[in-house]
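Two complexes, one shared chain (chain A), two partners (chain B, chain C).
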Partner chain A sequence: MQAHHARALLLLALTAGFGYLAGRDFGSMHRPDRIIPGSGVTQQTTLSRYSPHLLGASGETPVYILEGKKPGGTLAILGGVHPNEAAGFLSCAVIVEHAAVLQGRLIVIPQASWGGYTCTDPMEAYPQQYAIPLGEGERTFRYGSRGMNPVDQWPDPLVYLHYPSGQQLSGIETRNLNRCFPGRPDGTYTERVAHAIQQMLQSEDVDIAVDLHEAAPEYPVINTIVAHERGMEIAASAVLSLELEDLQYTLERSPVRFRGLSHREWGDATDAYAFLMETGNIMQGRLRGATSPELLLTGVDPMYLKAARIGMVKIPYDSTGVPLNVRVGRHLQGLRALVEGYNALHPERPIGITQLPSYAECVTSGIGAFLNAPEADPSSTSGEDQ
Partner chain B sequence: MLAVLHWIYIGIVALVALVVLAEIFRERAWYHQLAYALILLPLVLRVLHIK
Partner chain C sequence: MTTYPKIVALVIVLAVLSRACLLAQVKPRFEKPILLTSAGQSADVTIASTLLKKAQIESTVKSLAQPADLAGIRTLVIVAGYSSKGLGAAGISRDEEMARVKALLAAAAKAGVRVLTMHLGGAARRGNQSDDFNRVAAEAATYLLVVKGGNEDQFFGDIARSKKIPIDVVDKISSAVVPLQAVIP
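Let's look at the complex of A and B:
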């Protein structure tokens, strides 16, 4: 055997070794996050129930239903439409694990872009996981990608054509769930997920649907409730109510000509009042320094302190940062305010939620206080999370 | 149609991986061989739908 052939075999062995290590690391992102449903959950299903086109695909995300004893309205809450916006997912996790419904129904999809949780965004230095401290121990969750995993949908087109409007966007948006509504049953993987969500809203006769997001602190639409025009009255009432609790929100009307967004397409195609809420996530900011799980939890970044001093940040920002507890608290308080607004408008079909942590409780106790310990999970055999 | 496009893409990646593999054995300079090995890694992960 010649020397360069022997060297080639050695290099191939090294490649296989590195491939195995990298594959194991990427593979760890496919292990689902554990959500430990609380006593308020009355039914658990998956998204393919609403669209058989998702059956067996990696869009099979869990759906939790919390039903009260008295009939009433139905509220749908989506987190994880963008899996790099952790507060939306964690708000849903807190609801599933802690809240209960007295009247009406709550349908919660904590990880709407299931496929986006199996990878992170390239060039962002995002951690693959982060831990939420509990009273004792911690719970670990994946930090995902804004778009679906390219493994499930590739190649991206140069220009993404939204269905059915034909609106043109950058090719990468073809894997962004919040540009693909209303979707179609035989479309791309992302369009099929969008279609299933749209079907869920219709078939479950949802009255009010809320999509939970986060955004970079320099993004103008932040600490905001975006409302479809049919829901402006409810949203305005919610913003006023939140202002009275010293939580500042702006109210944005859903743009009519920007297609594919949840609040626009849900509001147009279903009977639901459609809303989207944004909080400020430093991890998504373009001005941030070192990117770590601590930054996600604390929201404290020295670069943003400098940016805030020269007025480049669209939210109040000081050395206390924007911790995850604050962001989840804002979402939960915002949901509470929207439900109150809806109930005032529809007393004949109200929604009654109990044990929903308030903003103050999230900030003072931390969201870990409202997540179940792993031993509370009847499916758990080891007692360890993940 | 979309699934066909995907598998055409995977086919192209597999073909390029095979060409790179052949080049590792044909090449005599170690640094070129090392470069080919580095190039091969993501191609294999892509074909196997790992990354």
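Let's look at the complex of A and C:
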């Protein structure tokens, strides 16, 4: 064998080796996150139950149902519509693993954009995984991308035409679930997922539906509740209730002409009061420095400290950052406030949730305190009643 | 100058100052019926509606109130603060909203309708986009009710001082109920 043949074979072997390692790394993103349902979960299914067009597709995300012994209203909570907004997913995980329902029902979809959890956004330097510390040990979850994986839906058009309005958006938005509602059963993969969620809200007779999100600190609609016009009274009541807990929220009306958004399409096409909540996630900010799992957990970034000093940040920001515990706590407290507002308006069909951690509990104990260790007995956990 | 004229001058000055202080502290009274609207289309108008309900004060809410809606109205409560989502929800542009607010305030002044301006959104409803609406609504007010977070730089305090408008600054939105009950008995 000549020397250049040996070098070629070596290079080929190295390439194959790197290819294998990279492939294994990419493949690991397809291993589902483990959610360990608590004793409050009474039923578990997948999204294809509401739309057979998703059967066998990677849109078959888990759906958890927590049903109380007494009949009442139904609250649907969606996390992970944007898989790079971790607080929404983790809020749902805490609910599934820790909460229980006394009256009515909770339907929880922690990872609505299931396909978006199998990749990250190019050029963003996002980590593939992050770990939440428990009392002992830790739990690891995937950090996904804003849109669905192009593997499931490719190529993107130059211009995305929303169905059925015909509204034109940038082509990449065709994989953004929160631009694709109400969807259609025979549409793109993202439209089929949107359609299934819409079907779920209708067929389960959902009274109140909440979509949990995060946004960059320089985005003006942040620490916000966005409400469909039918839900404005409930949302206003929630904002006042949250203020009593020293949590500042702004209230925004869902735009009528901007189609495809959850709060708009759910509110228009179903009987549910539709809301979306935003917290501030430094990981999504354009001004951030090094992007790491630690940044996701702490929300402390020196560039944002400078930005805050010159008034470029739309939320209170100092050296304590905006930790994930705070963001999940805000979502959970926001959910409590919306349920309170709904119950005040509909005492004939109330929703009663127990063991839903408060904002203060999330901040003082950390959200890991409300996630189950793999070997733990979930029924031994406790919390504050609502 | 002898002592006697000095005393007279001092008494006059004190009287003028006392009168000014008295005027500044005297809160106006607003009568019903009440029309509640927005200046800038923020959803804070819904929060104001909730506050009025908590205060057991009846009002008619029209986010896009027009001059014709002032017929029979004695008090216009206007909630200041810009929202791009709110303008989108209303389907109007920023310029159209500003024209509506100015026309409404002009009609209120002409009809003798008293204006109570509220700013509830704190720092989030301040800045370039909001402050045009905040200024127009505040300068036309008979009384200002402002949440502290929106007045850290004395934006509303300065308007109140320069225009001699009574103002109450409250720490929290929910604290606005008591002053509302005081001025709308």
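Basically, the second predicted complex is superposed on the first by the 360 of 386 C-alpha atoms of A that agree within 3 Å, B and C clash if a C-alpha of one lies under 4 Å from a C-alpha of the other, contacts with A are read in each partner's own complex, and residues count from 1 in each chain.
Here is the rule we go by: contacts are C-beta pairs under 8 Å (C-beta built on N, C-alpha and C of every residue); 3 or more make two chains touch, one makes a residue touch a chain.
In this text, all values refer to a predicted model and were calculated from it rather than measured experimentally.
In the superposed pair of complexes, A:P155 makes contact with chain B only, with no contact to chain C.
Residue contacts after overlaying the shared chain place A:A22 against chain B, while chain C stays out of touching range.
Legend: residue contacts after superposition of the two complexes on their common chain; A:A236 is shown touching chain C, with no touch to chain B. Contacts of A:T270 after superposition: neither chain B nor chain C is touched. By the touch criterion defined above, A:K314 lies against chain C but remains apart from chain B after alignment on the C-alpha atoms of chain A.
Of the two partner chains, chain B is the only one touched by A:L12; chain C is not. Taken together, the chain C residues at the contact with chain A in this complex read 41-44, 46-47, 49-51, 83-86, 88-89, 91, 121-122, 124-125, 149, 172-174. Against chain A, the residues of chain B that register as touching in their complex are 2, 5-6, 9, 21, 24-25, 27-28, 30, 33-34, 36-37, 40-41, 44-45, 48-51.
Note for the complex: chain A touches chain C at residues 220-221, 223, 226-227, 229, 232-233, 235-237, 239-240, 243-244, 248, 250-258, 314. In the complex of the two chains, the chain A residues touching chain B come out as 4-5, 7-8, 11-12, 14-15, 18-19, 22-23, 26-27, 119, 151, 153-155, 187-188.
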